[in-house]
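Here subunit A shows up in two complexes: once beside subunit B, once beside subunit C.
The block that comes next holds the complex of A and B.
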């Protein structure tokens, strides 16, 4: 029984770490992975989601609906930011970094002035269950499930809807999409808004587990970026999955062998090593390999 | 006239490339624009499509002034554009590339897919394949097929023969003629390949240094020294 509890504990941690990384990165995978915008204000959009969730919850709205409000609110803020600011900085990595960093400071300082240094937290729902002599929170597993659902729906939206096809086409060649009758300005705003909405939902989910303050976002932005960059631009979804599995895997392993802090450092170390070996990220490497294999096999077929 | 261009000026920034160009295309006509490299043919096409804004002059399509209209609106009005280099979305499947053409001419139906597959059977076979894995000739067929999924009235083709093997060029020539004869479409084609021009063009406009310097019939262009003079062949 004791070994079962230990194995269960490790598996639980792994799922917890995976859920955390996926939720943090899910919006940025669209904004940075697909659109190529370094959005340093992504954590602040998550923070906005957390505030909307907390305020709605304390106004008597059930938590799940409050989190949906968070997604809608962050998505709308994102679309306004895109129309007013971000769209002037496409294809300018460095400028987009500086501008969105400025936005992140402005948003968090505004929240500090308006709402003060902290607001009433939202209790974590669902309670916990025991395995052996340890107890595990149920909500952590809900986070994991929501993370998986979010990735699946993002994939479905971009793979199967008309909007998804137009968005992928626009990101690859905006002029051509425009010349085929697509209003690319709307596509950019909607895609950016969708990324921000996912960030808002993630922020709302995390609001039930963390202290909500104007600097809430700082905890998530770096992790989100590391996850997306390690994943690479070859294919957003396989990139996210492979990057999260490797980073969370290493974090969980080191966590159990040494301790939590070394586990955290080991994850950053792993990201560094992966990027030294595959500078364009895991999914880019996989795509290139697939192309090489296909070319090699077609050469064999023709000879 | 379906397309009427008057005194068009355009270019990049302060660099004027298309200088005072006027021409028109009647319904059911195939107009070829020829000239050496760098005389402004592609810039002219991009201005007609709306990807480069005009510094002056007027473009009328179906008697509507489209000079200040966005490229997307022009496409929905019925201008189908096949750019130089084909403009394929390489990371999308062939089928998704075709679906991207639905908005051209603002009408879509599955019937148009059948028409495209009848013109280009290879695209039906390759529907689920990534468009980036197609050969140059197949990509050219996809680029033309894509706008035919919509309902264009005017087709702008920019060097469709570039990087395409000769038998596919002949096939493209046959399809351009069929589009005119069977579907009543109007075509403006920029081309350097004389065989393709002889095969399809009703009229040739010769450009040099951003302006139109001559207008010829395809037969006049067949005279060897005429072609030599204008295309430096």
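The block that comes next holds the complex of A and C.
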């Protein structure tokens, strides 16, 4: 029983870390992975989501609906930002990096001035269950489930809806898509807004577990970014899964052997090593290998 | 006669006298610029005569920020390497200075070695981290973000060093409270004490002497970097920024050049950290946080990253503005963020650069309209 509890504890941590990374990165796989825009303000959009959730909850709205509000709010803010600022910086990576960092500073400082350094927290729902002599929160597992659902729905949106087809066409070749009658400006704004809305939902989910402050976002932006970069652009979904599994796996392992700080550093170290070995990310490498294998087999067939 | 490579910048009558100080890689080469430059340095040098002591203390701090702006302009503006974590080198330099100074002050009586350590240690760190990044040919965006992550991680580490076991000789890292002496017998974190043996000068951060020292050092650094970017090395830097593949085809090792300039910039940022620590006799983990890192980027982007002078001006002016705003409440950072976003939208190359170009156009207009002599000078260029 003792060892079972220990193993369960580590598995629980692993799922917790996976859910955390997937939720943080879910909006950014669209914004950076698909659109190629770097949004350093992503964490601040999550922060907006967290604030909306907290305010709605304290106004008597049930938490799930409050989180949906958070998604809508963050999505709208994202679309406004895209139309006003970010659309001027497509194809200029370093400039978009700097300007969105400026936006993140503006948003967090505005919240600091308007709402002060902290607001009333939202209690974590669902309670906990005991295994051995430890107790585990149920909500953490809900986070994991929601993370999986969010990734699945993103995939479904881009694979099956008309909007998804248009968005993929626009990202592939904007001029061609425009010539075929797609309003690419709207598509960019909507795609960006969708990414921000996912960020807002993630922020709302985290609002139920974390302290909400104007500097809530900075904990998430670098993590989300690194998760997406390690995943690579070959295939957003396999990229996300492979990168989250490797990063969360290493973090959990080192966390248990040494301590939390070293676990955190080890995760960034692992990301660096993966990027050194596979500069274009894991999913790109997998795609390349698939192509190579296919070519090799077709050569065998023809000979 | 050798003509300078054309880069769009007009040549100046001062070119033959100033050598490498005047070249196409730096804006401001004419008589008006140098007159203005000497005037600004003179006014800054006279400040202690007619300003309150409190203002001089603040002005010393502004000048210290200038080094940091120069270091980012050198790598980002000239070589195209954006680092969102330039303050990491600032902090490392400050901590290195403090740790060495605390340990050696009693036996040496000066902080010469500490000051050198504050410059060398960030450079060694830059060789290590830059070597990995440049030789792996990481994309520029990844380098920018990785540097931020590195800075945040060092800050995170420094924050949790409140445990008494984190001592290095006479220095105790002290967690959130910042670097301090390990025991009551050890000296306090010193100001700069330069010199040998008994003939030492102490430059207290609250005195005018420290201000003069920093002003002199900043002027020398600026002029030295001006020479550097106008030398053949500077041309290679710009080559790496504009087209790394072509620069490589010409036989230059782009990775080595990027690494060398990254280290140089780390050394300058380290110097800034040394001066800051000596100025306030204080260094703490917040120096590695998001705030200091984004401030450097704001100064350089708003001033104009592709010129040392505009980046420096951006730092000095914005530091002064934010000091003014701090007295108005908590809007300083909001205002700086807004300035950054607005400037990126209306003048992506930097406010000072855009204004400088308007000035140049106006000057050319005045010259062609009213000055026939100027016409002859440019006419005899042998075009």
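Worth pointing out:
Note that the second predicted complex is superposed on the first by the 303 of 303 C-alpha atoms of A that agree within 3 Å, B and C clash if a C-alpha of one lies under 4 Å from a C-alpha of the other, contacts with A are read in each partner's own complex, and residues count from 1 in each chain.
Criterion: a residue touches a chain if its C-beta (ideal position, glycine included) is under 8 Å from a C-beta of that chain, and two chains touch if they have at least 3 such contacts.
Values in this document were obtained by computation on a predicted structure and should not be read as measured data.
With the two structures aligned on subunit A, subunit B fits next to subunit C without clashing.
In the superposed model, A:265 makes contact with subunit C only, not with subunit B.
When the two structures are aligned on the shared chain, A:156 is found in touch with neither subunit B nor subunit C.
Legend: residue contacts after superposition of the two complexes on their common chain; A:182 is shown touching subunit B, with no touch to subunit C. In the superposition on chain A, contact of A:7 is made with neither subunit B nor subunit C. Rounded to the nearest 10, the superposed model shows the Cα centres of subunit B and subunit C diverging by 90 degrees about the centre of subunit A. Between subunit B and subunit C, it is C that contacts the larger number of residues in subunit A.
Once chain A of one complex is fitted onto chain A of the other, the partner contacts of A:294 are limited to subunit B, with no touch recorded for subunit C. Once chain A of one complex is fitted onto chain A of the other, the partner contacts of A:110 are limited to subunit C, with no touch recorded for subunit B.
Applying the stated contact rule after C-alpha superposition, one finds that A:65 touches neither subunit B nor subunit C.
By the document's definition of touching, neither partner reaches A:138: not subunit B, not subunit C.
Shared-chain residue A:172: touches subunit B; no touch with subunit C. Between subunit B and subunit C, the minimal CA-CA distance in the chain A superposition rounds to 19 Å. By the touch criterion stated above, subunit A contacts subunit B in their complex at residues 162, 165-166, 168-169, 172-173, 175-184, 294.
For subunit B in complex with subunit A, the touching residues are 49-51, 70-73, 75-76, 81, 83, 87, 89-92, 96-97, 99-101, 103-104, 106, 133, 146-147, 150. Of all the residues in subunit A, the ones that touch subunit C in their complex are 38, 85, 88-89, 93-95, 97-99, 101-106, 109-110, 112-113, 218, 222, 225-226, 229, 261, 264-265, 268, 272, 275-276, 279. Across the interface of their complex, subunit A is touched by residues 80, 82, 84, 132, 136-142, 144-146, 148-149, 152-153, 156-157, 160, 290, 294, 297-298, 301, 329-331, 333-334, 336-338, 340-341, 344-345, 348 of subunit C.
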